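As structure tokens, the structure follows; a few thoughts come after it.
Chain naming follows the written order as A, B, C and D, and within any one chain the residues start at number 1.
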Amino acid sequence: MKVTRPKLSWWERTYFPAILKGLAITLSHIPKIKKRVTLEYPEVRWALPPQYRGAPILLTGLDGNEKCTSCKLCEFICPPRAIRIVAEETSLEKEKRPKEFDIDMGLCIFCGYCQEVCPVEAIWLKDEYEMADYDRTNLIFNKEQLLARGRKPPYLPGREKPLEEPK
Amino acid sequence: MTGIWAIVIPAFVKILVIIAVVMTGVAYTTLAERKVSAWMQDRKGPNRAGPFGLLQPVADGIKFFFKEDITPKEAYRPIYLLAPLLTLFPALITFAVIPFGTSVTVAGQTYPLAIAPGMNLGIVYLLAISSMSVYGILLAGWSSGSKYSLMGALRGASQVISYELGIGLAVLSIVLWTGTFDFNAIVADQTGGWGKVWFFIPHFLAFVVFTVSIFAETNRLPFDLPEGESEIVGGYHTEYSGLRFAMFFMGEYANMITASAFVVLLFFGGWNLPFVRYEWFGPLWGGLLSMVVFFSKIAVCLFIFIWVRWTLPRFRYDQLMTLGWRRLFPLAVLNFVLVATWLLLRGRP
Amino acid sequence: MTFAVVFFAVAFLAFIGALTLVFHRHPVIAVLGMAAATVSIGVLYVMLHVPFLGLFQMIVYAGAVMVIALYVIMALGPEESGPQVGTVQTVLTYLASLLFLLHLYRVLIKSEIGPMPAVDEAFGSIQAFGGALVSRYAVPFELASLLLLGAMVGAVVLSRRQWQ
Amino acid sequence: MITIGHYLVLASFLFVVGLIGALTRKSAIIVFLAIELMLNSVNLVFLALGRYFGQLDGAVFVFFIMAVSAAEAAIGVAITVAFIRRNKTTAIDAANLMKW
């Protein structure tokens, strides 16, 4: 490709006009108090879009039991292998349920494959993003924690209902 | 209070005051840097520590103090530990010769507002000390045992050496014009009489050369190649952490304050204001007012430093050297010759 | 009294710096020792009532020569090497140095040593110095500038890559 | 009381140390700096004696020596760099091209 250099006059080649122009632009931004975009985080929060992928949660079905059938598809697809499921038999109709369901949030990359692959829509990535801790072991969420997070309304736009506590 | 104590005690008090003022200035320049940059980018800047973030420098200081002090395995330890001191020390002792006001009279004694008032070689002293500030950069970069640091150090050293010529020649033309190396005389030559104007008007060429060179000398953008983050991590202070890094940081900002004071003294009339005479305010308040005016001018210069930093992109290294040696240096020589010719033909106006 | 204390401190520093230059194995430390020595000698110049020469000493030696030497050492990689020992040349060197020192002291003892006389303020002033430089020493002054120009041209020519 | 003798003794010490350095060190840069040290000690003598006799000529001469050593530094470093490029070492023993 042929680059055509602009013909600069002597005055322009001293850099001064461009420098002054740049300086004027930056200076003109200082008094624009109204346009400041800083979000003062702990007090003011970002309105999360509905499809935001935060920490995973497990859903509770209408019958009061976890929806997960322990098919282990999420465990299988999880790229960083953050999910660990131990299955057990159950007398319920679904026949299998997770005895243990751990997600290591130190590993999770929030890709959402688990949500994508789940046949019973039991695992969802939700709007929680404050998971910092001083201890890595606290970042391994077990089944109870995941289920407890799942009970937090509001849930999904248009899908709030199934989340409610069982009657 | 006789004999030597009459000299030592006021000098000591002045040193304490100046160190306090400069250190506070350094701290708040860092805050100003962050605030102004934020405003220019439509952000708010630090506002958590104290009202409007005014305690932010204190918080930074505490953080620096408690950070872990790491010495890399490959570092050459004695020099690695010495280098930050060699950066901060010259930055601070330059203030010995900078007069920061006229004089104050307390209890019948008149004290000139400078740590070394009788120094009539102030400019040479300042050039001598600033020529030694290279050591900190060079040794820090070399002793870290990291290639980024070494690159930064070599860049820094060659840049500082190259631009010192421009500074020296620009200053020399002022010296030639006024016929003195004394800051007080140069300041006195810029105000207080018919036809005496601040030197940035008659010596505009020298002013431009000096200002551009001083940006390079203090390693500020657009000439911050020794520490260009996007190319060589942090340059010569890549490997430093904690209090030692803080020393580099303070040294850099103290250098900025010195450079601003230098510009103000040489080109902007020092502590004088047009049409204002400090004798009107009496010996004490006049002196204090002159000090306030001087520091305000320095503050304006510091703002310009920050303003330029957040506006202009970094030069490429060959561009930097071209600018230094092929533009500014001939310009400075030309200016020197012009001043000399004028003095030869017309004498002092 | 204060003067003597400062003199001995600075002289000691200069001497230590010189020893570091000659006897330290690490070239960077050696150059730093030399830098300390030049700065101390500059302070001695100030104490000898020629303050601007002391400052020029700092600019020229500590600010330029030492920095360039350091720069070369760093850019080309430092090689550690101490002074040679045990060769004939070394023995002769030390012997000659000793004889030279003894000879100097023989002269020194015979001569008349007095305290420094008082001088007036104008003695080391830059005005007096400049006056001497452009009147009595005008020709050497110009020659020095020619020398510097020649050195500059020479350095440029030398540092071109002519031999691979 | 500091007499002229103190300065002369110091200068002689520095000169001899520089001499030893120039004759026994191998590294070209260190040899060069040792020679500078000898020049410096001579400068000190010039200034001390000039001060002793109340004449400024010593200072003027020191000024010229400084100019010479600055020129020497420029040339010396250029030679050293060329030398290192050629011989891959700073040891002056490698400069044996004209030895027979």
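The definition used in the following text is that contacts are C-beta pairs under 8 Å (C-beta built on N, C-alpha and C of every residue); 3 or more make two chains touch, one makes a residue touch a chain.
Keep in mind that this is a model prediction, so the values were computed, not measured.
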Chain whose Cα centroid lies at the greatest distance from that of chain D: A
C-D or A-B - the one linked by more C-beta pairs in contact: C-D
Whole-Å gap separating chain B and chain D, where each centre is the average of the chain's CA atoms: 33
Between chain D and chain A, distance of the C-alpha-averaged centres to the nearest whole Å: 69
Centroid distance [mean C-alpha coordinates] between chain B and chain A, Å: 48
Gap in Å, rounded to a whole number, between the CA centres of chain D and chain C: 6
Junction residues of chain D - those touching two or more other chains: none
Touching two or more other chains - residue numbers and ranges from chain A: none
For chain C, residues that touch 2 or more chains besides their own: 56, 64, 68
Overall pattern in which the protein chains touch one another (line/ring/star/complete/other): line
Of chain D, residues touching chain C in the complex: 1-10, 12-14, 16-21, 23-27, 29-30, 32-34, 36-37, 40, 43-44, 47-48, 50-52, 54, 56-57, 59-60, 62-64, 66-75, 77-82, 84-86, 89-91
In the complex with chain B, residue positions of chain A that touch it: 19, 22-23, 25-27, 29-30, 32, 35-38, 40
Interface residues, chain C side, partner chain B - complex: 2, 26, 28-29, 32, 35, 39, 51-52, 55-56, 58-59, 62-64, 67-68, 70-71, 74-75, 126
Contact set on chain B toward chain A in their complex: 36, 38-45, 47, 307-308, 310-312
Residue ranges of chain B in contact with chain C within the complex: 4, 76, 78-79, 121, 124-125, 127-129, 131-132, 134-135, 138-139, 141-143, 150, 153-154, 157-158, 161, 164, 181
